[in-house]
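Two complexes come next, and they have one chain in common, chain A, joined by chain B in the first and chain C in the second.
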Partner chain A sequence: MMTQRFHAICWSLLAVFAAALAGCVEAESEPPKFRLNMTQVTANQLVPAHQQAIADILDAMFGTPDKPFALPETGLDLRKLKMAAGPVWSDQAGGKHGLYRRHCAHCHGISGAGDGPTAMIVNPYPRDYRPGVYKFKSTFNPNEPTDEDLHHTLMDGVPGTAMPAFSVLPPDEVAALLEYVKYLSMRGQMESLLVEFIVNNLDYDPVTEKGSPLDLVNDPDQREEVMALLADDVVAKWQAEGQVVVVPDESAIPPNDRNAAELAASVKAGNVLFYGTKANCVKCHGPTGLGDGQQDDYDIWSKADRQFMLDTDALADSIKTDTASLAELDGEAWDAANAELDAKKRALVERREVAAGLLPPRNAIPRNLRTNMFRGGRRPLDIYRRIHQGIAGTPMPAGGPAVPGAQGTLTEQEMWQIVDYIRSLPFEPASQPQERPLNSEAVVY
Partner chain B sequence: MNRFWSLVFLLVPVLGVATFVVAPYYHHWFPRDISEHGRVIDQLFMFILWLTGVVFIATEGALFYFMWKYNASNNREPVKFSHGSHTLEVVWTILPTVTLLFIAIYQMNAWADAKMRKPDVPITAEITGRQFNWDVRYPGADGELYTPDDVFRYDGMIHLPAHEEVLLLIKSSDVLHSFFLPNLRMKQDVVPGMGQNMWFKAKDTGEFDIVCAELCGWGHYKMKGRVTFESRVDYNAWLQRMYDEQEAKTVAMTPEE
Partner chain C sequence: MSVVSSPLYVLISGGACLAGTMPSSICTKRWSGSLAGVVALGALMVAGCGPRADFGPVANAKAASEIRATFGASAAAGDAAGGAAASTGTGWGTIRGRFTYDGTAPTMPPYNVNKDQATCAPGGKTPPQEWLIVDSGTGGIKNVAVYLREASRVHDSAKPSGDNLLYDQKVCVFLTHVCAVTVGQSLDIRNSDNVGHNTNIAGKKNTFNQTIPAGATIAYKVQKEEATPAPVNCSIHPWMVGYLLPRENAYYAVSAADGSFEIANLPAGEKLDIQVWHESAAGPGGALVVTTPEAKTLGWTNKGRLTITLQPDEVKEIQVTVPASAFKG
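== the complex of A and B ==
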């Protein structure tokens, strides 16, 4: 009796293990896919046929998460991409595969949309690579970052965020990840261009099948146009010729051997600029420099999601008013209005579905300048570049010229004075760790 | 089948002991010890391992013997229970008590050296655990923390001087972490809001592992780093180089690695 029951328990345990094992194998069998940017697709009301066309073109241009591909004109190194892509495994020699999924995907997501499973529990949210906009870089604001900029972020992480340093990885693995990030950005940028292309150029109606569909295989003109978009509006931006690095004017750089009085004078001038209307740092970073000024703005990534949510709410409202006004109509007018209302309702269902998957938009909180934490680097050069070009994608504006050679709001000298002031802020007595009060006892642990 | 189960249970001590015997040959043993105090800690470990090992083998042997001898299918006689051997109870209470007390007293000095007798030296570096990185702040040339010449590093590659007493201040900026230097036999939990100290003396130069030894979140496994011990001269030169890099105002002054 006892033995029978014991055997029954053993067998059922074995069955559970077998089921679990089968589950694992099955879970592996479906390879992950790149997903379209549904906010973009839905906001532009692309029909399924167009969505499929975009997905197909992107697959042909960039491959899949397991089998990446790069056209030679992208300049991407396919060998590096293959090292970074695919499922996580290690070969017998200890070589690591699937680096992106091993290290990055849980935050940045398979498609690089910053929507991995852990994205919602980190603040700030992980970067969405798809627009190709990066905050911490040496280039002019609208330019893409250089390889060195991305390398710096990978090696040092982003202090004050959940982005760690990957400096313990071998250099070839870091290089592979860097290439893959660029690849995801290029793919995302191409996707946006294709959406734009359809919206602006195609008159295709999938119901009547009239007009010209997006079909690069059978339409060489379209093919040429799209390839030109890839070359001019994507690839060129990632090549050194398309990027202008911010180089400080040698004559305005403060010398290293300034004495205390000179430094103090520069800090003082920076202080005046900080609070003045010209630089107006105080507007966002606040009168205390704690980042407690204007805090209700958004960065572009949150702004896009937020706009989508607001538009969805507006659509819901308009459905309400349309339903109310429907009662006043009859006959053909009613039919037409009702058909329109149905279309709106379908659109609302789609939009709500997409909106439910978005991360809740968060305000862009200006940096607290007293914590001695500079996310994009603490070198005077880094801070200078932040002031010179602002921070792309955020409300932080550029103080320097928008394009090389133009006239900026601030002069070189003024920017360096602000740099000096910013660098002095964490060392003002108010920012320092407080001494233990004299009448208290030290606690020994 | 008669004595199948007693043999199965004999596998526990046999495999248990075999694991310990074989492990060092496959390098699944202690990482190289480069600290001054590590010898004491390793000796304590080995002492306790041998002590518990002998007791383990004896106990498991006795268990096996009884299972083998009093197997139900070979013993038809009813079981006899014995109760209340005063002497036996006193012996098996006093023996472990004395042993445990001995271990407690014997290790006291090692514990005090590692956790209580903080050396009177300035802080070499402040290390802050952050989900999921080790951020380091070195006092600059003036040797004092929280001054404008402090050097900040975020790349998880810590440098420290060898052959001298190193005092670290360890903090957390978010949750519990644990700063673990396996090659120095040092591990310190990091508690948010508390400054912890850790001190040691490395007797060798080279690059060694840093790991986070407290599950601190989903990125816990990312909190790996490397610590480089180098001579005071090299260390000072490195610190100066890092300072110069941190002060860079021109593009030319920032050679990218």
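== the complex of A and C ==
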């Protein structure tokens, strides 16, 4: 009896909630749109007209999620972009369309901001493509990755993360996705440059929300400057000439036919470097190599969001202070201070709305080196590159020179010794399953 | 995660009861669980309607297609319509002045030193933070960066320097908290501590992150000019913070402990667009925005910029009293 009545209550409650839910859902879903990076726009206090201008210029340069576009000077292959863009469907011949939304958008988001619906529940968060910074690549730290680097990540996935391998897709589909990822990065980089362009060159006032126009149609000078930004500060970085690849010094690469004693000596030297103050690996990867050292720093993606949140809190505090000091003023001084306070309050509302859409910042946790799982690949060359150039966007610093010919911290030989030590760590007895202590019982959680 | 997963679990178990897929005896036992599940479902729905996130504007298709139509238009048309070149003057002038703090100076808390205590907080003495240093005697504000945004011509004394600039760190503090450097000038990044550091320069145009062993000096050349100082951190000691301002010429100054600064040999007879920046300033990107009447006479903008025209051999004095509200928090 009890159960039946209970069911009735539940069903009626469910009906009420379903009705409530219907209120949230739009009758017809619109095609997805590219969105601006609102932390960037809000932190720089851009006025609405400038925000709109950025959205329009990006649309003119790159099109929409359903209808991509690429200016010839970008070097992007529009045919590939069209294969990757748009809604998911298959043609009668079995050709797949909407590949990005089929395979990527649920994590990386429509704009490539790493903010897809599943982003919240994966750790690490999906990459935000917009800054064009990629962790696992063959180039020098500040350089963009090569096509080959992105291809490697697409084919192998990123071990230990939610990023799967797409090696089962036909090569033309992988190529289309690769092109689309580059396209989203270029678009995101152009967006940042447009924000910088406005901050540096245009007048605007967040209080009156007025600003001098960003109008590429009627101002050929502005158009020329913006096109120069696209060519010099975006496109050039993605072309082979702009990308400097780290090439190991042949003479320092350890030969494949080393005997056990030689390998052991190299591992030992790597161990000394790992714990020494020169390479300093121990500080972050910890005395055990489990990644239990320095854990309270952030990568650039989380750092940007975190800074935005901290500044928002600081603004809230300053509103409190200003409100308190308002009481001591009168006349014109009061008017001026009050107007400033009103502007701050409006800015706070905007900031909080933007912050509501951000993922909670997470600390950058140093890799546990004992699992034999290396996110950028476990070939000696992969680990060498991580040590040589650090990992872009993360706290991991470089041991090699910052640009070719500059002064490095470690020699080539030292870097290979650390590679040998890192590769030996997962096979040390300490990394293997331990014997269960006598008389211990299974732990039940 | 736990916030999401626990109602989710209850929701699933509750849902199974509702759908009649579980024996009713279990469901009766889960009376309260199921009810909680329904409530949680409701809460999630309300949350879905909840705090509005601002995702910004979307492109206007018509405006975009108009812009796209202009791409590829000949640049010559632009030149014809272009404005007159900015007039350039002759001779050189100097600006100097002082920033003073209007209000009670904040006390700097100690850095949050949570490792390497012996080196970073010797004898238990932790160095104070530096985000707003006000001289207790004069009220001068330290570490305000003042620099010329664009130079039509550059005096020999402000040309990029060939000298190496020492960028030292000791007691886990960057000794030059705000450091200006010319592009191409070699920065000698030194670690005077007995623990390892890494120096992570995260600029918009320059990025550098290299291990600096104890006692070592690593040379680094900045590649490009930055519009605002780039943050410098040490990932090993994340409390360490500094700022590096790479500029194409040496028309810059960082205010001293008494708040004073001087930029000599600026181009005279033409409009100078000068940026004022402080790490804790409330303006966009750290722009120091001063809205006092005296600042208005200097044409101080809401982006922390002022326009000044100097006569040849003029030395212009600028005294700026900065209200506490110009800073964050």
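Everything below uses one rule, namely that the second predicted complex is superposed on the first by the 395 of 445 C-alpha atoms of A that agree within 3 Å, B and C clash if a C-alpha of one lies under 4 Å from a C-alpha of the other, contacts with A are read in each partner's own complex, and residues count from 1 in each chain.
Everything below uses one rule, namely that a residue touches a chain if its C-beta (ideal position, glycine included) is under 8 Å from a C-beta of that chain, and two chains touch if they have at least 3 such contacts.
Bear in mind the structure is a predicted one, so any value in this text is a computation, not a measurement.
Q: Looking at the overlay, what does A:Arg423 touch: chain B (first), chain C (second), both, or neither?
A: first
Q: Which partner does A:His151 reach: the first (chain B), the second (chain C), both, or neither?
A: After superposing on A, A:His151 lies in contact with chain B but is clear of chain C.
Q: Now for A:His103: first (chain B), second (chain C), both, or neither, which partner does it touch?
A: After superposition on chain A, A:His103 lies in contact with chain B alone.
Q: Is the number of chain A residues in contact higher for chain B or for chain C?
A: If we count touched residues of chain A for both partners, the winner is C.
Q: Touching A:Gln92, do we find chain B (first), chain C (second), both, or neither?
A: Neither chain B nor chain C is touched by A:Gln92.
Q: Touch test for A:Leu315: chain B only (first), chain C only (second), both, or neither?
A: A:Leu315 contacts chain C only, not chain B.
Q: Answer with first, second, both or neither: which of chain B and chain C does A:Ile253 touch in the superposed model?
A: First partner only, chain B.
Q: Once the complexes are superposed, what residues of chain A are shared between the chain B interface and the chain C interface?
A: Common to the two interfaces on chain A: residues 121.
Q: How about chain C: which of its residues touch chain A in the complex?
A: Within the complex, chain C contacts chain A at residues 1, 4, 14, 17-18, 24, 27-28, 31, 34-35, 38, 41-42, 45-46, 48-49, 51-61, 63-68, 70-71, 73, 75, 77-79, 81-83, 114-115, 149, 194-196, 198-200, 202, 204, 206-214, 216, 218-221, 223, 227, 233, 235-236, 238, 282, 284-285, 291, 301-303, 324-325, 328-329.
Q: Any idea which chain B residues touch chain A in the complex?
A: On the chain B side, the touching residues are 130-133, 135, 146-148, 152, 154-157, 194, 196, 218-219, 222-226, 245-251, 253-254, 256-257.
Q: Could you please specify the touching residues of chain A with respect to chain B in the complex?
A: 103, 106, 118, 121, 138, 148, 151-152, 155-157, 159-160, 162, 164-165, 167-168, 245, 247-248, 250, 253-254, 256, 372, 378-381, 384, 416, 423-424, 427, 432-433, 445
Q: Looking at the complex, which residues from chain A come into contact with chain C?
A: Counting only chain A, the residues touching chain C are 2-3, 6-7, 10-11, 13-14, 16-17, 20-21, 23-24, 33-36, 38, 41-45, 48, 51-52, 55-61, 64, 69, 71, 120-121, 141-142, 192, 196, 199-200, 203-207, 216-217, 220-221, 223-224, 227, 277-280, 283-284, 294, 296-297, 300, 311, 314-315, 317-318, 321-322, 336-337, 340, 350, 352-354, 356-357, 390, 392, 395-399, 402-403, 406-410.
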